[in-house]
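Consider the two complexes below, in which subunit A is the common component and subunit B and subunit C are the respective partners.
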Partner chain A sequence: MPRQTLDREIHHLQDEVLLLGSMVEQAMLNAIDALKRRDFSAARKVYRDDDVINEKRYAIENRVLILFATQQPIAHDLRFLAAILEVITELERMGDYAKGIAKINILIGEDDTVIPIHEITRMGDLAVGMLHRALSAFINEDVNMAYRIPQEDDLVDELFKQILHKNVTNMIENPGIIDHSNYVMWIVHNIERMADRVTNICERTIFIATGELLEIDVSDDEWLEEDEF
Partner chain B sequence: MNLSKPDILTLSPSSSPSKRNKPIQTSISLGEKAAQLPLDALPVKMAAVDLSVYYGKFRALNKISINIPENRITALIGPSGCGKSTLLRSFNRMNDLVKGSHITGQVLLNGKNIYGLDVDVVDIRQRVGMVFQRPNPFPMNIYDNVAYGPRLYGIRNKNVLDEIVEQSLRQAAVWKDLKDKLEQSALALSGGQQQRLCIARALAVEPAVILMDEPASALDPIATLMIEDLMEELKENYTIVIVTHNMQQAARVSDFTAFLMIDEDRSGTLVEMDATDQIFTNPKCQQTEDYVTGRFG
Partner chain C sequence: MARHTHWRFALPYLILLVLIFSILTGVIVNRVQQEDKIRWEDQLLNTAHLIAAQAQAAYQPQPNRSDLSELIQTTTQQITAEITFLDANAEILASSLPEGAQPDMGAFAQAQSQGQAAISNRQGITTTTVIADEGNQVLGYITLQSAKATYQHDLRWIFAVGALALLISSAAVIGLALIVQDRSQQSIEKLNIAAQQIQMGNFTNLEYPDSPPPLHAFVETFKDMAERLGTQIDTLTKERAKLSAVLNQMTDGVIIADHEGHVQLLNPAAGRLFQINEKTGLGRSVVEVMRYHQLVELWQEANQGKRQSTMLEIGPQHLFLQVIGIPLEISLPGSTLLLFQDLTQLRRLETVRRDFISNVSHELRTPLASLKALAETLQEGALDDPPAAKRFILRMETEIDNLTQLVNELLELSRIESGKVPLSFHRIQPCDLLRPSYERMVLQAERAGLELHFDCQPDLPAVFADPDRITQVLINLVHNAIKFTPPGGKITLSAYREGEHIVFFVQDTGVGIPKKDLSRIFERFYKADRARAGGGTGLGLSIARHMIESHGGYIWARSEEGVGSTLYFNLPIA
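Moving on to the complex of A and B:
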């Protein structure tokens, strides 16, 4: 079977994307765990280790561009390599979200802040679980799974809304905590965005398998219906 | 959900420009390949040192200095007439066969000048084999084609020859196809099989270096890719230099690429040699960039 070099490189890149994904999953879990334990040393480690994620992303991007230039990938190979460029961008950004949470942990410092850690942990677990399965679907080109995973975003969004409302109520009742409440908003926003970006990975899985570029829209658009145009 | 978010929340604390004290945290230069050692870190199998090749008064190559790394594939690319085939042929003194040709400078094999006075040309051509553009099997059966070289070097023992023939055909990835028809004429094979037979014939005399002059240009795309995969396997044991007009082929198969051009005196000169990944993604010289992107001329 010809094209041994290209096939070997593609398999290697699949492994590398999974590795990058697991680094990002771990970064998010560690960031939330450090927040839960108010462990600033662990938070600093997550913050610093984001560099390793960035380096891995650039290394993968570099390999993909070299393969474009030297191996002339066509059809499925082309779609897969093009999709990788998108997926690693999403992963790297998710790594930034974990880094952001680690930073907020340190910024809050020893101040007495009410952090809805139970909900945040739940949100984080959901988002990381979605990412894990999305990457598995990506590698296996499982289109059905790629369509299903974005539906789970509703749960993350629901938790996000709950925390948001509670936070706003707290701020109205006690304007002195606005700064810290803002930090909490950042944290949950980062996790919510991570889950949103999982959808983009699923879209690329469908692209590889079918060649179709599409947007999976699972957003709640009731607000749109109410408008009169 | 995306549309309902206040703008302030879209700002990730980690990306706030005003707080960023390390503007570039991670950088990697395009074309860098961690797995590929730089050229100067690899053992040199062959080298041209200030090599000029003349055909009569015409200088075809002008002071080329180039290192050919061991157990790697080096591609020579460049426009027609740039001297890449002349350079290739100087690596096993094939140019000696052209009347009026002579050289200045040196060509080294394992550090020894192959144009030295004490050198046996037949010995050089055994150690530096060649595969040509058109498959050129001898008009004899498959077995005799492969056994031709070893017989020339005095091997007569049938068992030894059998072993060499099988080993060579295996290395050329054509044993399975041909083992049951060793007595058939080589001329009856397909072009791709003929070319792999010719590679087997070159391997049969146990060369250290294999020179390939457009080895796939007469083959169909699938046979071409099979030859390319074969080259990848062969480089474990051999040093390979390939001349190709097909830039995509150079990009696919080689570890290093040398780009040659014609200078103002119409002599071939070396513009740039670097890792193939570098040449095809981020070459150092503008002339190379123009050539590999098809903007040359």
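Moving on to the complex of A and C:
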């Protein structure tokens, strides 16, 4: 009977993690879409809805802790539940990145800023796609997929560098737009960090399946520290 | 097994038979014994009376023992009974019994008290009778006793006959049972085979037994049942095949989930939509399958019994879906049907249409705005300055030309797109298509400081085309090349054969087209470099594409920025 309870609870938690993931994915897409359309009310909605993401994260955490206390899971179950704690933290942070982009959108306001929206949309789509598949890999414990996904980060990094260089050039040419170019930098940085955090989820997936914790080596630009957006 | 059932079948009959025969034999034996006894008693009594008459003399005047002994000796040679003579006081006078043996006195007391013959049945059969003189004075008694052994022979015979009859009828019963049982056994086995066939889903060409009456009705019912089952299953299978064909082929995604949210049905379109294998998706939770919280929320609402419908954009592929959630109250209680209609393409077309209108408005507005400005300037006094007025009028003419060109091209494009342009196809040499274009454009190229080069091999096979239209396309391409090539450049107009097609191309040494624009230059109003495109309408290449495609050809471009572009199209060889 307890075994059944644990299995059922774990299944339920899986679904909850997927739902949280979906909310984060949608938040990021909505934030970028709002940026594209310069739609501030949509941006404000993304900003506000981050609370829902945070609440869901804490609800999941709470359930995991209750399971720890009441079911004393061992081995694989224990690893999986511990990994859930890690994954929801990552997801919550990704939600914060979306919130950050929404905030920048509002900060830029009606000012005439050149935003490389085409590239940003592409980056966002790539990162969200990675997250979507990383969560599939996590739930299905698909190690092969978990190894493959971080490779896609290179595409995101490539776009990131392109925008960065263009932005720096723009700033040098026209120091008057430094403020706004800085905003653009934060936007792309947020998306780039999101893709990096997807890699962490993949590492956790490998950990559940194999019990090994390893660092997947992807070229990472660590020159920008954690942001306050 | 069969043998075993035979015995089980015959055993009750055998038991019944033995019972009947036992009772019958018992009754007969009893009856025979009774008869025997009565006959023997009568015989014994008569004998006793006879001996008594003979012995009368030996009792008178005094009982004479030796006479009596002699009488016993002569008599016992003829009858099988023990004889004892007694006097009136029941003293034994003579006896055929061995010395010292007491005669059975069972009937004596009765005979003594009644004064006449009596019979007893205690150990054997005993008769005692009275010996009397003429004056009925009792002289003595005579007792005859006989064992029952005399009728035992009779009984053994009866038992033997009975046993024999029992044996024969038992054999008959067993034989009959075997035959009957065998027949029904065969029928049942045949039915069993038929039932097994049905179990395996084979409803045709079943073999049924020619069964005896008791099984006959059953076999008929069975036959009927098999036929009906077969028809029903056949109908159901066909229905299912139809339904699954619809489900598999339809472009809309279909998911059915039970009350707990487990997916019970997932069609290929839904599988493609959510990038999940239909087989692995079955039994999983709707969350795992659909993965989008908006869809899960819609399912939850529908699962509460509320029909839902919404349109939303999901995922990094920006799929635009119309989703309908229907609670299946009657057909599948507790389950919910989810329908997904992929409207991404439709929405894209809608966007194209919207962009088109906005582009057309924009393209129309620009010349109209300058016309308005020029007209106003003229009104505000420029008319009084004839040289300036003349300049303005010339500018207005240019703008009107631009507008006219735009409207004409739009009309042309709309006519081509709706297939209303009549094409008159001829067999024609590729060079005969290239030359007129060259001749018409060479002057314009020279004026732009460009070298227009014409290169055509006369042995190329003819193509099937409308010469006017293709020339128009070529002129259009050369015109573009002139526009995007800086002075001193070179434009080549040529054709070559590739398989069953002739490939025409216009190559320039111009600015080239950026990679990201290369695939879009054939779209309406698409201008790679808005600044440089200047007076163009952005419709030329779109018209060219439609024209080539209605010839059954294909148009494409290759380009390297700063080096030049080549625009190709091919036409099938006639």
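Going forward, the second predicted complex is superposed on the first by the 217 of 229 C-alpha atoms of A that agree within 3 Å, B and C clash if a C-alpha of one lies under 4 Å from a C-alpha of the other, contacts with A are read in each partner's own complex, and residues count from 1 in each chain.
Assume a residue touches a chain if its C-beta (ideal position, glycine included) is under 8 Å from a C-beta of that chain, and two chains touch if they have at least 3 such contacts.
Quantities reported herein were computed from a predicted structural model and do not represent experimental measurements.
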| item | value |
| --- | --- |
| Joint occupancy of subunit A by subunit B and subunit C, clash or fit | fit |
| Subunit B versus subunit C as contact partner of A:23, first or second or both or neither | second |
| Which of subunit B and subunit C A:15 touches, first, second, both or neither | second |
| Partner chain in contact with A:100 - subunit B first, subunit C second, else both or neither | first |
| Touched partner set for A:51, first subunit B, second subunit C, both or neither | first |
| Angle at subunit A between subunit B and subunit C, C-alpha centres, nearest 10 degrees | 60 |
| Subunit A: partner with more touched residues, subunit B or subunit C | B |
| CA minimum distance (subunit B, subunit C), superposed complexes, angstrom | 16 |
| Interface residues, subunit B side, partner subunit A - complex | 1-5, 9-10, 12-15, 25-28, 30-34, 222, 225-226, 228-229, 232, 248, 251-253, 276-277, 280-281 |
| Of all residues in subunit A, those that touch subunit B in their complex | 2-5, 47, 50-51, 54-55, 58-59, 62, 65-66, 69-72, 96-97, 99-100, 103-104, 107, 153, 157, 160, 185-186, 189-190, 192, 196, 219-220, 223 |
| Partner subunit A, residues of subunit C touching it in the complex | 285, 287-288, 291-294, 296, 314-318 |
| Partner subunit C, residues of subunit A touching it in the complex | 11, 14-15, 18-19, 21-23, 25-26, 29, 124-126, 128-129, 132, 135-136, 139 |
